[in-house]
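Here come two complexes built around subunit A, the first alongside subunit B, the second alongside subunit C.
Now for the complex of A and B:
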């Protein structure tokens, strides 16, 4: 029903909730939990023998369930499997907003999926360019290729680091400090910011350790991530709470946006506000703060 | 004749002076003389009231065909007492018995056969479940069952509408003179609140225990002055089912989301202030509300004065952490609640009359700020059904639901919008067990609706920026997902009367045909 709704490249994505495409009971209404995006998973969550059935369920969910403002992304199977091309066709035919490419290692991986998406869009009469892409980087090679991956496609809205496989490749495991992921997180953040795309952190799987989860999300925010993949609806509230700007940050952002706009109208490019030098470069950051505040119901102003 | 909530009550049910429901407070100020039991004085000093067998007790009490016997349900699904007594009654050739229980459940499936054979011809209870629910719904009980809330049962007994000939009170511990308690035995249930009215108003009272303790068993819930005889048996029940392991708060994200939303609604209302009072059901989402109010209470530096009703571990934890000043207890659902009522001096046992009887001079429920409860169905008039399933068969219990919701300043129903293919929010519930005038807010996984009779609550939610919609919109959403259910094909025979708290007729349950499975 929403096949031709515009997908939005730079929308707010604080939380991306993973849902198994093998579980229609979960997919039917996961929007009630209020994530910014959901990721219907055709890859690891679906048994090898159930890929077809999962695609079938997924297609009907995409076509029939109104997810409202919640973005619907699909994680397709890896490019080294026989499944991914059919996965792409289902995503495009169903009208998914985006595709998450698992185990992405090179820019060519993204371009291969992009070609398949183009073909499917033509095949199903879906607007060219509607289906967005994101790349999950899960290996050392992927991390080292983060810049070309981030710059590989106009459709690519962001990259995510995926910790499970990456930690194994690096012969380490989860540590509460996050030191084992520090370089990878930093590297893909740098690449994403350089390319002007979004950047998302990996899942946190221990549902009994909500304090550890909270600490990791705080670190994510401090490092500059746009959001985080989550595996359980119980994690959504915590991410949104931490990514929500404080009342003071909101007030400041509002003043900055107003001041820049007013000065721009007067033809002034650089000026002082409360002793700080401001110019148009501060605008996107302040606008992002207000967008986050609006999404969390903390800001009802007109900016 | 239609009552004030639009339910058709057959005229023949009104012949004996019964009245139709005319609103929660219609009988305010009503005058009556309390009933009293026929007492057989035990003047001569005696050593012991212990009789050797259950049969001896039944004989000593002069139980005959056509009489009414009573039971309590503190042993829940672990109860052995009802089946034990009814089998003995059946074996003695006694027939035409009316069971007046505070509730019966799936532990009592064997009684279903006695309904079919005519040993049991009347049933007055809060809950009917399992096989008994089926045989009653299929029209096998000779007279319509009477379904009452916990408060309504006490009212009916105290007003003399139900006269108990012999009360059989299972007790975890009892002394030889009949002082009985919910603790001190092999299978403790904590309190004996439901049985207190039986002891005071039944002509004859038999205590059945598996733990005889030295006199005096003190302080007693059931006093020896009311007890005719004591029977010692091997086991009164299955301890594991009487008090379950600690009931834990749900980890189901959907239930947690609803509980969290319910706590936000509570926190947005003026009643959520230092010294507030609260009752919650023991079901998933309503129970989980305990967890979500705690951080808000800490943040605002407020405490709850008292918590009421059926008690579980999450409420006990709030007491132990100093966030609740006292617990006023009528039933214990888990071992933690049982332990607490034994050990914590701020955890009190009260009678069900104190708890919820609408026709005494003011029950605890009337002082409640919040009642957080569940529903099988809720309709667009906010009427709630907790007793019949979507197939029309009896499978639930009003319990304290109508009592707490009538008394509380704010009653919040927490329930998923659909269960499987069944819409929870609907045009018209199968059976009304709690009238819509008692219900203020509905919290579902798909949104919140406020009863239009409470614009003050709607305004408070608006001020707190809590989104809410109409109950009709939620119904449409539910029907949009699962479709509009077909009408149930009822027969023309009333199998149960649902009494309002005050004794008027709230609704009736019609016969349904048995389906061959």
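Now for the complex of A and C:
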């Protein structure tokens, strides 16, 4: 049981695997696929008439099944439904690590959920602040409000762009180049980085097109995302491979960090390493590579 | 809790269990079938009866068709069927999580 363990705001989240809370067969052991996080879905994957059944199943899975280091997030129903408050209660009572707010459009949406979470933490005797939040942005208005959304709550660990609804609103569809999502992805990345929270890309639903999936994940990584929502366990390995630094990148990052620190000690600001000009501006990037490598078990050095 | 109407929860998918409850005159009558009856029949019966007792169901006719569900799924399906049979719907509020609904 991890109910009392404090959730970690800045943990590694390369993959978040969606699982329908309507299907106990999916929820009972999905940790075996090794995603960084799972998202038990009470929203679109659950039929309207089964919302209650999904909550009962979710409660017991959260209480009973040991997911180990896999983070357990729950996607709750939208704020325009009769379900979301009871969803929040069951998440907090069950001890979920975080709540994903669907169709988030404004900072007030986040704060409304935050208030319900505070009340539920008091009701169920769960530590105040234990339950984290993330916001899924799915509409043009949400994208335009990305900055206030990212800055809305201390509990908010990140935002995700959700492509399905967004593409519909924009009167477009999926294109392999990603051009239809470029502005939205860029905008929420900028907002997330400005606010210092994580940023996740949308799902890729065509399971027959693994090459297209790989290309999208590479683009996600190049744009600077922290990770991606996935809908099938087969997608996990590819995302981890692309998001985890290579042995060579880790060695380079280690040399850069050492060299910058040693030169700083000697009072040298700018210098050359392997023919490249380096200064202190390269430090955060190299440190981040090492942190990512450490979190993925690829680096056990002392930096 | 008093069973007011017939209700069902769960499916016949693998790793799930379907629980039907309906009003009865007196006592709990349990009809159980399971794909793992030989190994787990007694345990499933115990989990169902214990959950009904916790919910305060004194009389009901209960039919359970198990497809290899975990104990926690059996509890969830029994609870859902009972709450539905007492008039709760899919948008039911203020479920006593951690109260009578617990591990």
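Here, the second predicted complex is superposed on the first by the 268 of 303 C-alpha atoms of A that agree within 3 Å, B and C clash if a C-alpha of one lies under 4 Å from a C-alpha of the other, contacts with A are read in each partner's own complex, and residues count from 1 in each chain.
Simple rule for what comes next: a residue touches a chain if its C-beta (ideal position, glycine included) is under 8 Å from a C-beta of that chain, and two chains touch if they have at least 3 such contacts.
These figures come from a predicted structure and were not determined experimentally.
Q: Would you mind checking which one, subunit B or subunit C, touches more residues on subunit A?
A: C
Q: Who does A:103 touch here: subunit B (first), subunit C (second), both, or neither?
A: Neither partner.
Q: Given the touch rule stated above, what does A:234 touch, subunit B (first), subunit C (second), both, or neither?
A: first
Q: Taking the superposition as given, does A:82 touch the first partner, subunit B, the second, subunit C, both, or neither?
A: A:82 sits against subunit C, while subunit B stays out of touch.
Q: Give one of first, second, both or neither to describe whether A:52 is in contact with subunit B, with subunit C, with both, or with none.
A: In the superposed model, A:52 contacts subunit C only, not subunit B.
Q: Give one of first, second, both or neither to describe whether A:124 is in contact with subunit B, with subunit C, with both, or with none.
A: The answer is second: A:124 touches subunit C but not subunit B.
Q: So, A:72: does it touch subunit B (first), subunit C (second), both, or neither?
A: neither
Q: Which holds for A:90: it touches subunit B only (first), subunit C only (second), both, or neither?
A: Second partner only.
Q: Would you check which partner chain A:24 touches, where first means subunit B only, second means subunit C only, and both and neither mean what they say?
A: It touches subunit C, and subunit B stays clear.
Q: Taking the superposition as given, does A:63 touch the first partner, subunit B, the second, subunit C, both, or neither?
A: Only subunit C is touched by A:63; subunit B is not.
Q: Name the residues of subunit A shared by its contacts with subunit B and its contacts with subunit C.
A: 28
Q: Please output the residues of subunit C touching subunit A within their complex, sorted ascending.
A: Residues 9-10, 13-16, 69-73, 75-77, 79-80, 83-84, 88-95, 97-98, 101-103.
Q: Which residues of subunit A touch subunit C once you look at their complex with the stated criterion?
A: Listed in rising order, the residues of subunit A that touch subunit C are 23-25, 28, 48-53, 55-57, 59-61, 63-65, 82-83, 85-86, 89-90, 93-94, 124.
Q: Which part of subunit A faces subunit B closely enough to touch in the complex?
A: Residue list for subunit A touching subunit B: 28-29, 32-33, 207, 232-234, 237, 297.
Q: Can you list the subunit B residues touching subunit A in their complex?
A: 251, 253-254, 256-257, 260, 445-446, 465, 481
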